[in-house]
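Chain lettering (A, B, C and D) follows the sequence in which the chains are written, and residue indices restart at 1 in each chain.
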Amino acid sequence: MSRKLNLALIGAGRIGKLHAETIAFRIPEATMAAITDIRTDLAEAVARRCAIPRVAASVDEIFRDPGIDAVLICSPTNTHAQLVIEAAQAGKHAFCEKPIDHSIEKVDRALREVEKAGVKLQVGYNRRFDPNFARVRKAIASAEIGTPHLLHIISRDPAPPPISYIKDSGGMFLDMTTHDFDMARFLIGDEVTHVYTAAGIRVDPQIGAAGDVDTAVVVLHFANGAIGTIDNCRMAPYGYDQRVEVLGSKGSITTENCYPNYAVISTADSVRRDLPLNFFLDRYTQSFESELRAFVEAVIKDTPTPVTGADGRAPVVMGLAARKSYDEHRPVRLEEISAAKGADTTRSS
Amino acid sequence: MSRKLNLALIGAGRIGKLHAETIAFRIPEATMAAITDIRTDLAEAVARRCAIPRVAASVDEIFRDPGIDAVLICSPTNTHAQLVIEAAQAGKHAFCEKPIDHSIEKVDRALREVEKAGVKLQVGYNRRFDPNFARVRKAIASAEIGTPHLLHIISRDPAPPPISYIKDSGGMFLDMTTHDFDMARFLIGDEVTHVYTAAGIRVDPQIGAAGDVDTAVVVLHFANGAIGTIDNCRMAPYGYDQRVEVLGSKGSITTENCYPNYAVISTADSVRRDLPLNFFLDRYTQSFESELRAFVEAVIKDTPTPVTGADGRAPVVMGLAARKSYDEHRPVRLEEISAAKGADTTRSS
Amino acid sequence: MSRKLNLALIGAGRIGKLHAETIAFRIPEATMAAITDIRTDLAEAVARRCAIPRVAASVDEIFRDPGIDAVLICSPTNTHAQLVIEAAQAGKHAFCEKPIDHSIEKVDRALREVEKAGVKLQVGYNRRFDPNFARVRKAIASAEIGTPHLLHIISRDPAPPPISYIKDSGGMFLDMTTHDFDMARFLIGDEVTHVYTAAGIRVDPQIGAAGDVDTAVVVLHFANGAIGTIDNCRMAPYGYDQRVEVLGSKGSITTENCYPNYAVISTADSVRRDLPLNFFLDRYTQSFESELRAFVEAVIKDTPTPVTGADGRAPVVMGLAARKSYDEHRPVRLEEISAAKGADTTRSS
Amino acid sequence: MSRKLNLALIGAGRIGKLHAETIAFRIPEATMAAITDIRTDLAEAVARRCAIPRVAASVDEIFRDPGIDAVLICSPTNTHAQLVIEAAQAGKHAFCEKPIDHSIEKVDRALREVEKAGVKLQVGYNRRFDPNFARVRKAIASAEIGTPHLLHIISRDPAPPPISYIKDSGGMFLDMTTHDFDMARFLIGDEVTHVYTAAGIRVDPQIGAAGDVDTAVVVLHFANGAIGTIDNCRMAPYGYDQRVEVLGSKGSITTENCYPNYAVISTADSVRRDLPLNFFLDRYTQSFESELRAFVEAVIKDTPTPVTGADGRAPVVMGLAARKSYDEHRPVRLEEISAAKGADTTRSS
């Protein structure tokens, strides 16, 4: 492809706007050719900010446009699977925000259409591109720490979202832990076979009333024998807490949080520093840019995307299994979830 | 008690020798009055080193001596319970190395004798006295971090013990994790109701052949709803790894490993430091001294010991439950272990 | 000013290109209206990259254009003072890369023209905008650490520049230490009265043959009695080393280097991390953006620039004094330099 | 020497008591045979604590006793030189607290007697034995960081001593900086040729009224071309601050302060830790033990002591030169001090 890649954005909310800016200002190989949102005012504001030449009246208009090479699907989760299907049928490559859907059936239908159409699909698990976690993956992939035995993921939000959000979120395991499920598979480079969930309502009883939990430990049993834990909490009073550590046969690797500055103040009271970067837009800035660069490159060079449809499917299975384990107080095999829906979890690359 | 406390040491091995030195050189309120070991040469060497005036020919000789106030039981684990019983019957206070025994029945018999005799019993869970973990306990007890929600204990040895040792050890959960079970109860200040174990043989197949595991994650469900994990491995290539972290409603506290020095070397290759203190005698030096000081003080002032018989019993129950969970691939309630043996786990203080 | 600020770039080298990108992509309140460079190919490349509509044939063309509000002077140092003068005479505000000039006389001539014309001048001491150093300044300005007593600046390059560069650089004190002189004044918020230099040639004898030093400690005596040191070396094998620390009457503040990731790898050899961000474009990315945002805001709101002409003059005086101290093996008062040139060092804001 | 080394303690104050305990409880190769102090009650208390069999009525009694091999001189500074002379004349080896004396003449007289008598002399610069600084020395001695170029020593007390103490102390450079002068020579392994002092009264005007300074930077010019700085302040509000860093041709090494625990607490306010170990008895515990072990070993094995008389002399010269530099606002060559007194600074080992 000698010309620039033409992208259209579907969904002009917070993450959509961020992706539009990244394409417009940081990735010379691509251009934002169109944008659409049911809220036209939002679409127009982003179009102005990023000099996007066209605000489309509908997604259909975008899918029908032969000049559009690929779409960025940043609309609400419950529209993702359908839009992926339509994109595939229109022959457009798709970058789809996570998760693809909360229903394995719908995910599988979308993945079948993608496969049939032969288009690229990348799912927005941006944390894989964070320099810290990428460094951990590199340490494992290069055997710098030998064979991985034990993995721990700490993933805590600074404060819980509104209860209204939680009601639509699919629950913590599908909404928040989904990133950690992806991270676990990414770092270890292997599939999880069963999970065990210990969880509770510690932060806000309203979260419990909405049918969800707000604090959890999920134990992951990997096919290769490695064992992992995910620690989630909807509220870490000191801010966004995002760390991993891995013990391998030759050593370990651990990451620290990222901070707005690396100054340490010592007074008669304590030796202290400012709080870590507060939330994902600040903490994962670089990764949002890197994931889009990777998508653009995969389309241009016709190489596999780094976060495939199968990668997008697995965390949904894991999220459903984690919830089932919590509900039934027992370890749950992923096959119980996956087989029931008749899907193939083979990891494509 | 206006005079010095007279102590006798039973068992002149590595830990016995350490305790004798501590009493002799660091704790002015107590004195080493006698020592015994079936290996007389070892007993005599320690007696010389620590200026202990008498090498007793047998434990009986010690128990019959009215001048002895208390005994330090540092003999092999399978003799602990019986020696605690004999000490109690002789009216001697006892400091007993951990664990009291691998059998809940034998533990309970010993605790009953202690209670009947009204003597003091302290079990050698020294890590409670480590300045780092003591600081974590203080943060929780003082509500500096609010109500604890999530606890993580990392506890890894630098290298596995000889296979012969493993065969007699009672298995990793009774031998190594026992310290972490105690730490979990100590830090959270509450009882565990059930456990789930994920474990495997990752370090050495011979450990598996001996019927044990070498790598494990144990999930702890506390009565108060807090959730904990213990990460154990018989081999951390970089050395002894001993850390905890706790998330509470108001904040978190984490500890770091201890190092022989705090120098950082930066070259064209990396920014690096030396390895952490390699094993327990170096890492926990201060805690071994502090636990004996606490025992001596408890006896002199007639106050409860800081690590009671009930505290010594609980980790044995937890170790048996952790193994059962691993064997049966399911969460196990501690009552399944404890009730079967008819014992009361009420925590005395 | 209701419309966007129109900027022209003079000098399309590395730093010029960076500034053009920042204005084009990050600062919505300003626009790149023109660019010029004696190497037209460079100017055209940057113009394409940043969608700059006009490549001017000469600086005159820019200065004559009434549509240009301000210029970014990124040409070689020996042209700075003259371009500042021409900009002032043409009524253009100027952002000028550091240093203004190596001659106090030429600096003073430029500052007089700026004052006469009433235009804004900001000098490119970008490090003031680094989040770490800004945090230190905040700690001092807010009295978080009380009255500052002692300041230390560590400022080391990863490797020396080519000898040809050193010959034209004005020497380490005018070229490299100039940033640290500015930092010292910025952090302490006071003027230096005299300096003492200890220096040598430790890295490369060719640097000495070129008449320069490559390693130095400069002691700063502040008017308020605070004492500072600057540690400079042309080569830190582990990379770019940029730290400060300040002791005050109520506490201290220290900064750490910035790293590409915050992962720590522990193996049987060491506990280590990757090297710090290697050089200024990576380390000071954010500060380059922030200084231009501050300049654009100062012009739009007609407020003083945060790095004034006087701020640009002081480091030149300090650099000349530091060299004189080294040459004459004695402390040198800044008045010896400044008075000789008949200039007023009053700090304007 | 097959029997234990018999030591006598002269001076039963704080540091004398510490040394007595170390010999009594930690160093099996030596024994405390006698103690003396003009305050007999202090001598008797230490004798009881450490089971020292004899409280001598005078130093003469000790020097006349053929059973005493060596003395620990822990009396006030103004008696050190005379006691070293008497010890030498009595054929006793001497461990002498720092500094030997504030007068180079008196130091030289003492060193001549030591040399004539052929006894061992070790001066109490204990910090050389601190594991952190020992690690730095090792990095330099082993060329792990190449040839040293730049050295920085931070050495700040938690709070100033009483004014009465300051009046007798000889001034900050002879009392406090003396440790840092020793550290500088020890780490770099070379002599300082001249010094430059910037100093002031920042902490307490009464210190100035007593003729002393409380805050200083001393620049050290080493014979080998390395440059060092010492940062001293009588008050660091956060506690005892004891760090060094060295840049060499192949890398750098830096040390951190030591802390009572390595726990980090994160709340909504800050990420913080407890203050560092507050003062020298806590921070340098291990080094006090190690220096005595080294002295005992040097006497027993008839090897040079690790801190010789010449090592004890150099910091006195440096202290006098540092003060002269401050008084005369100019760099001062050590020869100005040393030559005037006609002494030889050759470093013996």
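One rule holds for everything that comes next: contacts are C-beta pairs under 8 Å (C-beta built on N, C-alpha and C of every residue); 3 or more make two chains touch, one makes a residue touch a chain.
Keep in mind it's a predicted model, so treat the numbers as computed, not measured.
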{"item": "Selected interface, A-B versus B-C, where C-beta contact pairs are more numerous", "value": "A-B"}
{"item": "Centroid spacing, where centroids are CA-atom means, of chain B and chain D in whole angstrom", "value": "40"}
{"item": "Centre-to-centre distance between chain C and chain B (centres being mean Cα positions), rounded to whole Å", "value": "59"}
{"item": "Rounded Å distance between chain A and chain B, as computed from the means of their C-alpha atoms", "value": "43"}
{"item": "Interface hub residues of chain C, defined as touching at least two other chains", "value": "236-238, 250-252, 266-268, 274"}
{"item": "Chain-level touch network, classified as line, ring, star, complete or other", "value": "complete"}
{"item": "Residues of chain C touching chain D in the complex", "value": "146-147, 149-150, 152, 156, 196, 198-200, 202-203, 215-217, 219, 221, 225, 227, 229, 231, 233, 235-238, 241, 247, 249-252, 329-331"}
{"item": "Partner chain C, residues of chain B touching it in the complex", "value": "236-238, 266-268, 270-276"}
{"item": "Chain A-facing residues of chain C, complex", "value": "24-26, 28, 49, 131-132, 134-136, 139, 144-145, 250-258, 260-268, 274"}
